[in-house]
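Take a look at the structures below.
In the two complexes that follow, chain A is the common piece, with chain B as its partner first and chain C second.
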Partner chain A sequence: MTQTQSTRRSVRILRRIVASEYLVLFLCLAWFAVLAPVAPGFATPRNLTNILAALLPLLVVATGQTMVLITGGIDLSVTSIIALASVAGSALVTGAGGLLDASPLAVPAGILTMLAVGAGVGLLNGTCVAILRMPPFMVTLATMMFFSGLAIWSTQSRSIHDLPPGLLLAGGNVWISAAVALTVALAAHLVLRRTLLGRWIHAAGQNPKAALVSGVPLQRTLILSYLICGLAAGVAALLITGRLETGSPVHGRSQLLDIIGAVVIGGTSLYGGRGAVAWTAGGVLFLTLIDNSLNLLSLSHFAIMMVKGAVILFAAFLDTLRSRLTTGT
Partner chain B sequence: MTAFAIELQDIDKRFFGVPVLRKISLSIFCGETLGLAGENGAGKSTLMNILGGNLQPDSGRLLLAGQPYRPRNPQHAAKAGIAFIHQELNLFSNLSVAENVFLTDFPTRAGIVDRRVLRRRTRELLDQAGLDLPPDTPVHRLSSGQRQLVEIAKALSLDPKVILFDEPTTSLTQREKEHLFSLIARLRSRGITLIYISHVLADLSRICDRVAVLRDGQVAGIGPMADFSHDRLITLMAGRSLDLQFPPPISAPAPEAVLEVDGLSRRGRISGIRFQLHRGEILGIAGLMGSGRTELARLLFGLDRLCAGSIRLERQPIQHLSPRQRIARGMAFLTEDRREEGLCLDGSIGENISLVAAASHTRRPLGWLRLDSLRQAVAMIRDRVRLTPTARDSQPVRTLSGGNQQKVVLAKWLLVHPRVLLLDEPARGIDVGAKHEIYNLIRQLAAGGAGILIISSEIEELTGLCDRILVLASGRLHDEIPKTAFDPERILRSAMAGAAAAAAPPNSALP
Partner chain C sequence: MKRIALFCLCAAALATNTCRSAKNDAGKLTVGVAFETLQTEYWVAGFEAIKAELAKRNIIALEAISDSDANRQLQQVQNFVTLGVDGIILVPKDAKTSIPAIRAANKAGIPIVLFNRVAERAGVDFVGVQADNFALAKGTVEFMIEQARQTGSPHKALVVLGDLGDLNAIGRRDGFEAAIENHRDIIEVVARVPSEWNQEKAQAGVVNALQAHPDISFLFTSSDFLLPSIVSALKASGKFHRIGEPGHVILGGFDGDATAWSLMQDGYLDATGVQDVYFEAEASVQALIDSLEGRDVPELIRDPGFVIHQGNMHDLADRMWGAVISRR
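Our next item is the complex of A and B:
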């Protein structure tokens, strides 16, 4: 009797964890608990700072991606935005022949260029999706190819060095990076939860037809969400450029699936209408933990990819289970 | 051996708790042509969908040639010899005639489609259907009448014993209709049993042996066609049904117009609509399915573009404004399909109710929501529409019953104090109690000075609530009936006569 009762209780607790909207944080804890004793140097303060530094740019891009996914769209071009913004901002101010080399305006101009590139590509994506009604997947796949091609072609695939210290400050210091990233995440969180635009973004993803009938300006909403997503990628470019002290057309290149994977593992729906920045932060933490710990176990890059793939599949399975639990079907 | 092709015994069917068929029993003789008549929503299509395997009855028994028959899906029904020609045609316009006809059952040789056999058999079937076309013609080049015949050819490919027609003539020209009728005569002479749904009573008299009239999901009358005059049919169709109580008017409409519509047209849908809606008036729009009722509301709200005409709201022209701007001027639109266009089902009750009003509860310039005042407004309006108090604001709308969902949509609009309300089927698919509460709310809104336009398939709902009723047929205003002359039979007759008149001259057929 008591045994069945206790199993019933543990089943209930398990159900509650799986149904929780912070499921991914439980997964992070579990992963940490399992690997901390095994992976050498995993739980040291130094490694934890490393994890934080690696996580911050990803958090910023994934935050923007969250907004677009909630509208029911997707933005595949974010990694090309990171590359293009990084080389455009760097080329402008580099000591090796930049237009604004040694100018007092170099740092703000470099930063603004990165943000403007992000906003510009975002605006282009948003316009194609909202006004020309093209499918987001196609639009951003095409802009991804075009702009990452542009970044590589315009630099002859060379990195840009000799950047002014001011430009590297935000990405170079982990605490300033943390402040920037948390500001972006908090701002996005507030936009989604506390503003009219946030309501519109959710409604557009939940039911665009009903949103239109209810007076939601769908086109403006979609354009703004792609623009914000592009802008966030611009900020990420600043952080990555600063951290690696170079402008490079291959920044962010292999991160696309990490970005989208992190958002979706967090619990934001690929079909739109449901998502939160806090969930995304959990997803980003989870993927970064996996990456870092497997590196410490000195697994090869490809082995890490296999493990990540398997873990993402498992998380997606839990997500399906959860939506079945919460909607009761 | 039984003489009945199909027997229905005590068939019950509910949608979301609302009864659509109530203990229907009906027997259809082998080889006869049975007409089915009834108002919109009387249950005709539901009955056909049960026979065709698209729906399963909640209880009751079906017999096919004396054997128990429980179709689980349309394929199953087709295998049992029942073919269903739908109201809206189900052909793939990107495929050829032959591919459509044999879509589910391509003739193959060693797993590869045998084009020669496909063409030959399609040509035979097209011959039977009286359609002279190469089997490779792409369907998108065909007229609606030709498509109808392809549907029939497709049905014939399964060698059916029973064919169900659901309003097959709605999109046909007169010539195509004649062609269809001669084909039906040939099918009859082959001993195939036919069930034919139509609103055009003259067609029923012409081709049917017997007729059954449905009303409120029950058989109101059945017998040889010759025994049923058109008057008798209409009386049976319209006869007093549900004893719904309608709340009495609280106040009379004011003389000044709040909405003035003139020459409103949209190609192929609506033409030359002109009317005025007064302050405090409840104006009904009656019409058969496809008469342009919903199209009219969409045009008024700015969801579709109009080709010609003017709309004035409190004297100001609004025909060039977007729905969003019309909402700001005081317009509201409760759509026919609340799941499709009325609600974000996965959104919470609070989010849904405040979706429209949120724009006016913000601090500029960032659009920061004043959540407290919004929450209060939601609580107040929830009370007013009497939304079930057990549901929390944060609960998804999906979890509510149909009646409560409809109250959420209504609450959403009431929160912005509209001066013109367009209500498309406001009481569809909800229980009697919720219906009554919604009727009360409509009365209160009218008393508060709003102009209300109600579109409804339930004529009783219109006569019970409205101050005036406009009858729409084939996209035109066919009749205007003042309250003193309300009579369900007259409204129905007018709607049907209008539809028949528009169908008669072949040249006036819609492009």
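Our next item is the complex of A and C:
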């Protein structure tokens, strides 16, 4: 074999790896294999349960974000949706003066409130983007600021406790959390892969003008994708509130980089048109493994932040590389 | 591609079997130190003081910072449990959201000490080491009132509040109000600025208050880390003058950081309530050791702190952590 042939073969293999749908899964396995012998307790059953519990809320909210990113948009407001939904649902049912305190309707009303807040903010974002044609970055940045401020103002920064056990069940029990998160992820996966809406979402991200000419109801598709994203953030609020047994206006505040990072690491394109829930699940797993293992190694907070930042940057670079490989530019 | 996947799976299985325990061979004690943030000098000083105290006693310190995220803090405590640490020192996010993390440590039988902030005792066991925020804030403000009385004229006051979800902030606010209560003849509180422990919010709030009440001449901040914002606002309003100069705003704070020390040396800051970080670090580690050795430990260990002012600053500088940092 000549040197030229060998180089071509290497490039071909590299292309296949970079373009592979399973790249992030390989990265997860490689990370696990490398870190397990050196990070104490990393591969123990107890820690694997910890990893599962940690990744579930992130998986739910990142699943919603995947829908929006495939359309070529972005939703920066998901963290403030988590905060607002958490305090709205909790304030309604808290034993410390909630409107539905001790009511048999408290639990369903609390859950529905969280979901309604998520869907409502998602609908607002979608309407601004699709009907008013405002840039998604600006719209969701503004709603992030507004709703985050609203959550803090409405609670005066106070956490809300004394919540009914039924409301805490979804987030407090890791297996129920897993069931909820997997249901959301599976439903989103089926919507994207098996339904007309899924095809419209991909079409909207690949080429909006062509999609419009082809009869895709672009406005409705965009509104629905933001609404689903908001709804997913509402479910994440339910899980986080249950896990921490408290409604708080700062829940999720520092999660935005993890949410978008997980989706992009998974392989969903920042340019729109390409993505899958299964990829996002891989990205969520990879980011959680990094966080958990570096923490077990007792690395400093700043080192963990630097590693995570570098991994997300690398994923964004891979995304660009993939786009070039697939378009041949 | 299948071969690569198979290789990774084999490697993972091998790693799972060979993974090692957190307990180190030398049999040294291991303590997990989980802080909510390192965003202010106070927390950095506390973190370093605890690590130094642990190192002095030949104890291994594992560190984790949750970046103000209660969910991450819970994961970090669960990681400590997984690692089988002997004790945990935790700065909780707030009084309520950290309860599941404390419960996780309780369930694993690992003693846990809450450094500087305490949580609600909602069915969980912990030892709290905390400054007496109420008494220290009250003492500081009472000293400021003495200074105000010496001017012979009434004063309009502004107080910068912390995050009222934080029990420390509430204690300091209540200490301020209690000190003022008996001196309404000379002090009128015209502005209560909520900062949520945020520099920008504090700065904007103080600027607005000084515009609305240009005659404010008495200012207490719930934390010294907000002093740069406050100084900036005072300068913008032409009210930043040394003690003894006409137009001086009687200025007091809480914490005892390096900025406070610098302002005190330059003659701008009248007094600040100092949390004794070194006492708190030593008491936290000692409480863990006492718990591990089965000795009785009180539920709450109070850091008495002290009020430092122009009259005693040179005598107490060695105990003021901000001064110690500055000298380094």
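Points worth noting:
We take it that the second predicted complex is superposed on the first by the 301 of 329 C-alpha atoms of A that agree within 3 Å, B and C clash if a C-alpha of one lies under 4 Å from a C-alpha of the other, contacts with A are read in each partner's own complex, and residues count from 1 in each chain.
Note that a contact is a pair of C-beta atoms (placed from the backbone, for glycine too) under 8 Å apart; a residue touches a chain by one contact, two chains touch by 3 or more.
Note that this is a predicted model, so its numbers are computed, not measured.
In this superposed model built on chain A, chain B and chain C occupy separate space and fit side by side. Looking at the shared chain after the overlay, A:Arg194 reaches chain B, while chain C stays out of its contact range. Using the contact criterion defined above for the overlaid structures, shared-chain residue A:Ile240 touches chain C, although it does not reach chain B. In the superposition on chain A, contact of A:Pro217 is made with chain B only, not with chain C.
More chain A residues lie in contact with C than with the other chain of the pair chain B and chain C.
Looking at the shared chain after the overlay, A:Arg274 reaches chain B, while chain C stays out of its contact range. In the superposed model, the angle subtended at the C-alpha centre of chain A by the C-alpha centres of chain B and chain C comes to 130 degrees, rounded to the nearest 10.
For the pair chain B and chain C, the model built by superposing on chain A gives 20 Å as the shortest CA-CA distance. Chain C makes touch with chain A in their complex at residues 1, 4-5, 8-9, 11-12, 14-16, 18-22, 38, 62-65, 67-72, 74-76, 78-79, 81-84, 94-97, 99-100, 120, 122, 163-165, 194, 196.
Taken in their complex, chain B has these residues touching chain A: 301, 303, 323-324, 327-328, 333, 335, 340-347, 351, 354-356, 358-359, 362, 366-369, 371, 398, 412.
Considering their complex, residues 194-199, 202-203, 206-207, 209-217, 273-274, 327 of chain A touch chain B.
On the chain A side of its complex with chain C, the touching residues are 16, 20, 22, 25-26, 29-30, 32-37, 39-44, 46-47, 50, 53-54, 57, 152, 155-159, 161, 240, 243-246, 248, 250-255, 291-292, 295-296, 298, 300-301, 305.
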